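Common to both upcoming complexes is subunit A, partnered first by subunit B, then by subunit C.
After this line comes the complex of A and B, so read on.
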């Protein structure tokens, strides 16, 4: 009796010691991923509940693949595209709920706010949705990863291709806030660098619903290309009204930030022939198709690049936690940066010192209605832009972490 | 020829577009003015009802194959009937209370309606094609006018002046106006005032839905399309004078023109010009341009 009791005690102690050793580095033996996104506003179709689903899929796939000894939990919240709501929520998550990584963060202003708090609390920010380049330049830090795309890559892809194909005079229709101005600035630089000319621009209030006045000014400029430096409903309304006023197809539109959800909502008739740059298209190859169909079965929509990038970033993060045997931010970040990313989203993707994840981008052209053979068959892939050319080179970086 | 450095062709086309947008303001602010005039309710659900009008047209077309022309009649009836239900079951209880209660109730309803449609149809919006009869455009020399936009002006102005005529020149309208002035007296004369009120709210809401159908082929049919518009329309009503019928029509068109000009000379200011005018009007003539103080 006595011996049996002793054995049990010893076993229990040994077990506790062992498991303690294995998980000493993972706080509470739980990795907690927070999805902070726009669940109800302008960006809820391109990120939103689809990003939450993508995160859950990444967690499920990781558990099936790695059988981790630690638990994984997910929480999600709506930041309503407001920086103050985002930073309050992130602080609450980091301080009281033990969240290890805040993810998604569509809308640059919310992303920048959460990055600061992550740095202060030594947690990680994984950004799939936001677009602006300051995230990996002036505002960069060592706990943040900008994953899917940015305004530099979009301008570099679309503006360059269009200018080189003869669209050498541009007029910009720009949403009058930080993101629109950044996109216009980046695109103008690319147009000029490739021998094109910018004839002018008009800044429209954000959001706007009637674009006819602004479109007529663009028409009067005589530019071959009207660059849309805006996003979401502003872009879709501008495209629709350009067709209505007979501006297209005489002049062409270039959507500088368009998602497949925008093309789906406008229909091919309104968008055919447009060039756009994307970090992901569901119909690229067997891997992208398999994953996207799983996503479609649950969401009833094909994934945007933000949602696909969200899956990839969370999976990469969880793998890094497993490999590092720790949820300590510095160790996980080091592991994430040294491991190349290989999944359906990225081939040999790599996270640079400035937090920029570089991977191949795609220049696509929207199909004509009669070229589309099945639902969501929207794009011709015209060019794969290699990772090394797609993003801002480190030599141009304004990030203080980059030693020159 | 150039005026202040802007070609007269561009100026002409901007004025025309201002008139088109002004027609939307006119028809929406007219509905609000009628409702406020008789019910003393500030109908904050007006934008949501406009949005639902557009959605009824879209659902009718995609699910049931019902065309634009039928929807132009159907959507106002459906949404107007919903308005009647709201008036009978909810608004009725608030008439004796301060304006604020009606405003809060209708604002809450607007949030609920928008939430339901957002949950059901997402945020990117749905495309509604311009009906075949109104496709294409006319080249006026200084600009290309889509036929559909011209139709918007004709349809909106017809409905606006029809409404004005009904209220100002017919017997039914005289009951309405009398009901606004002194409901007890009118009731005592044997006129069913509660029924009149229900009808008025339903009609105001139907106007919003009608504007929604007109807007469907131009803008993306989107759950938040009304919330962007409603604040401007409120400013129009305040500038015109709360409850003034002709005031809301004229002010709607006038502000559309002014906004159009702002978009040429100082585009960044085009979102606030209406509110600047509102502030000036409130300071100089608190009852509004056409209001009775």
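After this line comes the complex of A and C, so read on.
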């Protein structure tokens, strides 16, 4: 017994002596960031390899700025938008490869799966890609940060603005699953609250390719606005077909979840005049332009809000590790929550108790083809939605971490 | 499958060796990966019982895997029962579902049988997608592994592994006994020549139904265990892709061989894991190519070809 104790002490002493004072708390003297994203499927344009690049840029910039004493490594994997693959991979990363934070996690189902595992293994999940509000409500936990946007902010931004600008009768085209229904519900509430009227809705199967009958119902409703409560390929297909049917521009479409990559692939002709809410636009100011051009040089595309948010979240995480002098999840989370976020992506961004990062959102309108002067010149920024208004207030939160 | 005396003599040794490998494997290989192989191995073995020994091609086995997974997940997470009760609950649920499927499907044979099972399993998929309790496309998340019999903490990967290994051995034993019983012999007779089995006085429908229920229950047992391992039941488990994947596993390993499905499952799972990082969604395409090659070049599957090779070498 005595000998065993002595050995333990000796080992501990040796270990303490070996590891430097500044980074005594960082396991293996390495911070490992995992990027778990869709590298080949529907969301690979808006997240995908661009998110991996953004992560690498954040790591490079952090090393240049802080000259950390610890090493930083990055691993990435394709979760194919499947919760089971994501959960397997995250588990393997945490258990075997010593990954400290799993990041990006586009698609709500993969995000929810990884959050649970991060909590169990006491690691961190930084979510830039997923949309649904349960991440910071029913399913919230204290090791997760929902960074870029969520369905509440989108519905709130787009539906409110459109209704206030005279689009007071709505018809919803909704993807028939939990996400679409939630988006429709949130948006309907916003429309009604702002004096608008919801004339009806139609649910389409997920995923769908033929929207003709649904679009005709929407047309017959006579609503001024057709709200697209769907995402990805469903949204782009619906928009294309609406143009073919001549529904637009007589009735207007409101894409409730759209990214600049969608606008890019659809073209301005099909999307002109649409309102959408975004957490980031590359052409906002000099800071966003500088960063986005660096991104563009490598990726040949302008960053989406998910990719920009990914950079910002990883940088914020690494800075917090440096400041806390530890990669212990609780300490890093405390540091991240206490420090405001100031970079090209967010001004005075703040991570709340429920894990929601709040920052200004932007209501934008897609330009007409003749208004676009240079490549990727797609949006008029119509309104800046202040952080405090953009996101769900804590008083409405259903997150058990929030004590009321 | 004709009885070969060499095989008969070697079988106990082979199983013994495999059992020992199974016991020490988690010290050499990542346990979660092994657990995945064992779960899918059991699933494929259960499927093989139906296709390989009764000649019934079910294209809806994902429904049993998935349903059991969801039932087990809900029992453990929402009702708060211990994991072994969850597994039993899932197995029973899959068995009952198998009974419903079976009663409807075994009235037809061949392609009609396959299509009926596919249609029914698509209904299950749709239900799982739409019902609130299953979490839709988010899946059933955050299922706790819990404590086995209320004592052994399963969040430890090693204890979880041995539970999975035990479940696999039980399932495998049931299948092995079924195949090597008079009941199994009659199944094989039905597979080879159904009218003849009828003329001999066997109630063929009853045998088929029973085989279907056993197969469904064991597929469910695999599904329930899988949910505990990954703490998640998702739409992937009930999707028809899964029904296709199990066909691939079984054919690749060796249809109608005892160990083939396990080898097939191990191959497919390893490939998927290895390829997932490098090629992403292209995994599906590569799997398709492998399937075609398997059907064209080695129709007996890995184990089947090996057996044939040994036989040809003239070892008796």
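Everything that follows uses one rule, which is that the second predicted complex is superposed on the first by the 386 of 404 C-alpha atoms of A that agree within 3 Å, B and C clash if a C-alpha of one lies under 4 Å from a C-alpha of the other, contacts with A are read in each partner's own complex, and residues count from 1 in each chain.
The definition used in the following text is that a contact is a pair of C-beta atoms (placed from the backbone, for glycine too) under 8 Å apart; a residue touches a chain by one contact, two chains touch by 3 or more.
If you're wondering where the values come from, they're calculated on a predicted model, not measured in any experiment.
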item	value
Contacts of A:267 with subunit B and subunit C, given as first, second, both or neither	first
Partner chain(s) touched by A:109 [first = subunit B, second = subunit C, both, neither]	second
Touching partner for A:77 - first (subunit B), second (subunit C), both, neither	second
First, second, both or neither for A:92, with subunit B first and subunit C second	second
Which of subunit B and subunit C A:208 touches, first, second, both or neither	first
Which of subunit B and subunit C A:167 touches, first, second, both or neither	neither
First, second, both or neither for A:216, with subunit B first and subunit C second	first
Touching partner for A:40 - first (subunit B), second (subunit C), both, neither	both
Intersection of the subunit A residues that touch subunit B with those that touch subunit C	40-41, 176
Complex contact set, residues of subunit C against subunit A	30, 32-33, 36, 129-130, 135-139, 141-142, 155, 157, 230-232, 234-237, 273, 276-277, 279-283
Subunit A-facing residues of subunit B, complex	7, 9-10, 13-14, 17-18, 20-21, 115, 118, 122-127, 130, 137, 143-144, 146, 148-149, 218-220, 222, 224-225, 228-229, 260, 263-264, 267-268, 270-272
Footprint of subunit B on subunit A - complex, ascending	40-46, 48, 176, 202-205, 207-210, 212-214, 216-217, 220, 232-233, 236-237, 240-241, 244-246, 261-262, 264-267, 270, 301
Touching residues on subunit A, where the partner in the complex is subunit C	39-41, 77-78, 80, 82-85, 87-89, 91-92, 95-96, 108-109, 112-113, 116-117, 120, 132, 134, 139, 176-179, 206
